[in-house]
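You will see two complexes here that share chain A, one where it goes with chain B and one where it goes with chain C.
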Partner chain A sequence: MRKAGVFFRPAGRSGEAGLAFIRVAVAFAMAGMALLFLMVVAFALPVFVQGGGGGPFSWSWAPGRGEFGILPMVAGSLLAGGLAVVPGWIMGLCLCCWLMAPPCVARPGLWRTLVGALVRVMTAVPTVVYGFAAVFLLSPFIRLSLGGSGFSCLTAVIMLSVLILPTVVLVLQAGLGPRLEAVAMSGAAMGLSRMELLWNVVLPVSRGTLLSAAVLGFGRAVGDTMLPLMLAGNAPVMPESLLSSMRTLTAHMALVTSNEVGGAAYDSLFMAGLLLLLINGCVSLVIRRMGGRS
Partner chain B sequence: MNRIFSALALVVLSASLAVAAPLDTFKGQKGTLDIAGGTAHIPVMKKAAEAIMSANPDIRITVAGGGSGVGVQKVGEGLVQIGNTGRALKESEVTKYGLETFPFAIDGVAVAVNPSNKVTALTKAQVKDIFAGRITNWKELGGKDASISLYVREDGSGTRETFEERALDKGTSVQSANVVNSNGAMKTAIAQDPNAIGYVGIGHLDSSICGVTVDGMVPSQENAANGTYTITRLLYMNTKGKPQGLTALFIDYIYSADGKGFIASSGYIPLDKK
Partner chain C sequence: MKHSVPFLCFRALSRLSAVLVPCLVLTLMGYLFWRAFPVLGPKLLFGRVAPLDAVLGRVPVWDGLWPACVGTFWLVLITMLLAVFPGVGCGIYLSELASPRQKRCLGAAVDMLAGMPSIVMGLFGFMLILLLRRTVMPNANTGLLLAACCLALLVLPVLVASAREAMAAVPASLRLAAAAAGFSRSQALFHLLLPAAARGILGGVVLAVGRAAEDTAVILFTGVVANAGLPSGLFGKFEALSFDIYYISSQYQDQQELLRGFGAAAFLLLISCLLLAAARVLERGFRRKWQGKA
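Moving on, here comes the complex of A and B:
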């Protein structure tokens, strides 16, 4: 608070103006969030109340027959997010350990510098670029080597895990870095390498960081639209296997909004949006509690 | 002074260049025009609306979907000025609401496979069986032994509507089919996947995919226009009574050279005003 006050010195040494400014900004941000939730809930509520056979909480999406079930898409989103976060998180953790524990700290080496820079660049690559590359490279590969049409749950999950990799790495680096530096001196005095320190000392006490990297990764994977839309096949059914086509909530919203304006199909999208918000909200709450306990 | 002069000259020059454009009829007009109905019409309506609104900011045009039924109902009840349908009006609708109809484009849909596929001729019954999931291997159609990858368009797509109505005789396609969200994405998918079958608007057929003959009908713009290819439908604009003012201008604009351009770039074949 006092720091912000420095910029508003003309208004008073105690920084009331800065404080007011911060309060207004916070109020705006909170009002925006509240409004977003209210809007989505308000639009979703009628669909929720009306219920019935063809309502959103059923397993069949067939607007022609008056069935607007979005449960297959909910399952698709959870599946895609859950499956993508496992390889993404493991790869991210390994990459992060490798980046943070060079044999000689003063000279990280060309490879580590390059890979570290690449990871930061990856955060800025739009997902449509990944999707486009995967349509021409990954999906033919999967079709030829594993069968199916190449547009499948697996294709989307692989690309999603690549997508969340930099997020995971950056969160881990930010969380583990200071802890590693704090014990680096004493560790070195005991003859432990940085990798040994990281693995045996830092990681066991960093459950919160490890979990929040997973949550952010999961959130990113569930929230992404372009990759599932381009790669997962989008059949509005539960996938029978990793190689079959499926649809996520985000892709579903993109597909329906491209044609519908109003009507039951359109209204059911607000329920889809609400569910997306709830999924991410719940996971982050649960993990926060778990992280807090460690 | 000189600068002002040249700026003025530029304005005069550009104004004189614009004289011939069909958009000129909207000069001095103002007001709103609401359009609703068939989803296949939306790209054409939107392009026309954007062109008109950027030429004349005093005009506001809204374009909504909803489907042919909604189009008829809304225009009949006076909620919108133009109600679009992807089918001819029924006798009952014309008498009940007193609607005037304006067909402006032909929407043809071609069944397409990968160019490497040997199966290039199908019967309508086979097409129905493939999309219903009853035929699942190309072997059954005289092709190689490989399972068929089905690609369909998203619900509410005009191309899907036409295809299901005219090729599947109002049948639906199997739920487990892959869904793509544009003619371009459909072309990419079919061009990439040697076992693919799907459908695109006839205007989007090119060498990257192979149009399949259905019951011997060759999919092409000419055949769709002369009626020998029947997986087509007309796209209509409908008004309550004779169109007037802005509504009449808009309809004429759709039939103008500009409008025909929008129709063609949306993948349809333009029609002349009767």
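Moving on, here comes the complex of A and C:
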């Protein structure tokens, strides 16, 4: 341990200096977070108070005519998030149960081990890489098989559901795993397979975990920028069907900063930021109440 | 035993998703590598310039990924310099020193930050620049340092969570032994527990490096450009690998550039996977040492 003592010499022999270091670190972190929340709220509040025509709360985005409504984008974000959660959550739940219920627990088998590893790798795949692959593979596929331009609500939703899948699986594994282990022994004595145990015993009592996995997935899907920006087509209107183009709040923010120079367009940007903050706040709140971990 | 119809559907669906999900992901990744494979090599990085000249910065590289790699490297390095101290300090504080009330409040704030869409951090940096322009520095502009500050906020929760978990995973017997040997609380913390948890904390840092390297939405707002060359300084514009991928996917001029995009995407994916693997190895070693299991 002598070596370790030398390594942490800044902490001082009694460790008092180290405590001061830690306090400074916490102050730094809290200052950063407080500044973030304050700035986003402070920039958006004047827009809120102003109100009036052409402001962010209308259904038409036409900067040429002085109309800066972001409601279509809000709807787009909620729609994309909601639609992506359904397949993402169902596939995540099924995959998680399949991973946890091998026929023989001691030897899970090669395929199951590989799929488990793949889910972990999926957490590290950059979203821009998913987007890039989908632009050149999925969107031509959708254009040729279903029609439309290929850059549509459906394309973005499919990729978003792939994006949130590992989050859902890992949250469910953390929540369902201990419950399954708790009943595994008595279940096996009654001749139930692990799959039957999951279906009949574990899932009915895990409503909180199931819900928080869905909510967390929704939060990630709404918060993602690159996939909707690259795949959804970005027309600032309400999508008419799954194959039509749409724009989400996050993509809208990215587009506004690269195209506009200021004024009312920026106001809508700040409003969009605040809305994202609020959506995320609701998500955290629900997860806290459900007791799931993020 | 006779099964109900919903259970049979569930079982079939779980087997289906166990095949479908890996197929989908592997198809996307396989396609990426298949297209990128022919261009992987030194030419991808340096284009027509001799490697040594490019590395030393004597000749600018216009048709390779070298400037983007250097940009990403500096970005991640500065981000980590800014984020590791507050992040790890905050995690240690939360695990060892905080009162239950502080734990609840600070923990909630960090959880909220963890779920925050990355584009909100980018927006924060953008607002910071607008504020500086209006008040003290009329010619402030976005650049490397600002992007690193915003990325530091993004990776902060990762660092906090991993440091907290690593400290919590140090066995209680070590704490007892320290108390029995007459260590004060701070001495035990800095000279015994922190060195014991160092490897786990390092795993978290590697994970955070991966998060910082992959993110695109933050730097979109804070000074990334497509053809900056090597970054000129702390306040200069820069290129980044993730942004180059996005840029090429939407603006590519010819086949050569498109293939470079595939190369960049495969390269970034490889880096992310390697970082994830490194973090896993570190964490496994740490857990095996203290808990005797993987």
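FYI, the second predicted complex is superposed on the first by the 244 of 294 C-alpha atoms of A that agree within 3 Å, B and C clash if a C-alpha of one lies under 4 Å from a C-alpha of the other, contacts with A are read in each partner's own complex, and residues count from 1 in each chain.
In this text, contacts are C-beta pairs under 8 Å (C-beta built on N, C-alpha and C of every residue); 3 or more make two chains touch, one makes a residue touch a chain.
If you're wondering where the values come from, they're calculated on a predicted model, not measured in any experiment.
Visitor: With both complexes overlaid on chain A, does A:M33 touch chain B (first), chain C (second), both or neither?
Guide: In the superposition, A:M33 contacts chain C only.
Visitor: Pick one for A:G131: touches chain B only (first), chain C only (second), both, or neither.
Guide: second
Visitor: In the superposed arrangement, does chain B or chain C reach more residues of chain A?
Guide: C
Visitor: Between chain B (first) and chain C (second), which does A:F141 come into contact with in this model arrangement: first, second, both, or neither?
Guide: neither
Visitor: State whether A:G64 touches chain B only (first), chain C only (second), both chains, or neither.
Guide: After superposing on A, A:G64 lies in contact with chain B but is clear of chain C.
Visitor: For A:A254, decide between first (touching chain B), second (touching chain C), both and neither.
Guide: both
Visitor: Residue overlap on chain A between the chain B contact set and the chain C contact set?
Guide: In chain A, residues 135-136, 229-230, 254, 258 are touched by chain B and also by chain C.
Visitor: In the complex, go through chain B and note every residue touching chain A.
Guide: Where chain B meets chain A, its residues are 39, 42, 64-67, 70, 147, 149, 151, 154-157, 172, 175-181, 185, 188-189, 192-193, 195-196.
Visitor: Taking the complex as given, what residues does chain A use to touch chain C?
Guide: Per the stated touch rule, the residues are 1, 4-5, 7-8, 11-16, 18-19, 21-26, 28-30, 32-33, 35-36, 39-40, 43, 90-91, 94-95, 97-99, 101, 111-112, 114-115, 118, 120-138, 162, 165, 191, 195-196, 199-200, 216, 219-220, 222-226, 229-230, 250, 253-254, 257-258, 266, 269-270, 273, 276-277, 280-281, 283-284, 287-288, 294.
Visitor: Taking the complex as given, what residues does chain A use to touch chain B?
Guide: Those residues of chain A that touch chain B are 60-64, 135-136, 139-140, 143, 147-151, 229-230, 233-237, 244-245, 247, 254-256, 258-263, 265.
Visitor: Considering the complex alone, what residue numbers of chain C touch chain A?
Guide: 1, 3, 7, 10-11, 13-18, 20-22, 24-29, 31-32, 35, 85-90, 92-93, 97, 106, 108-121, 123-124, 126-128, 130-131, 152-153, 156, 160, 184-192, 194-195, 198, 210, 213-217, 220-221, 242, 245-246, 249-250, 261-262, 265, 268-269, 272-273, 275-276, 280
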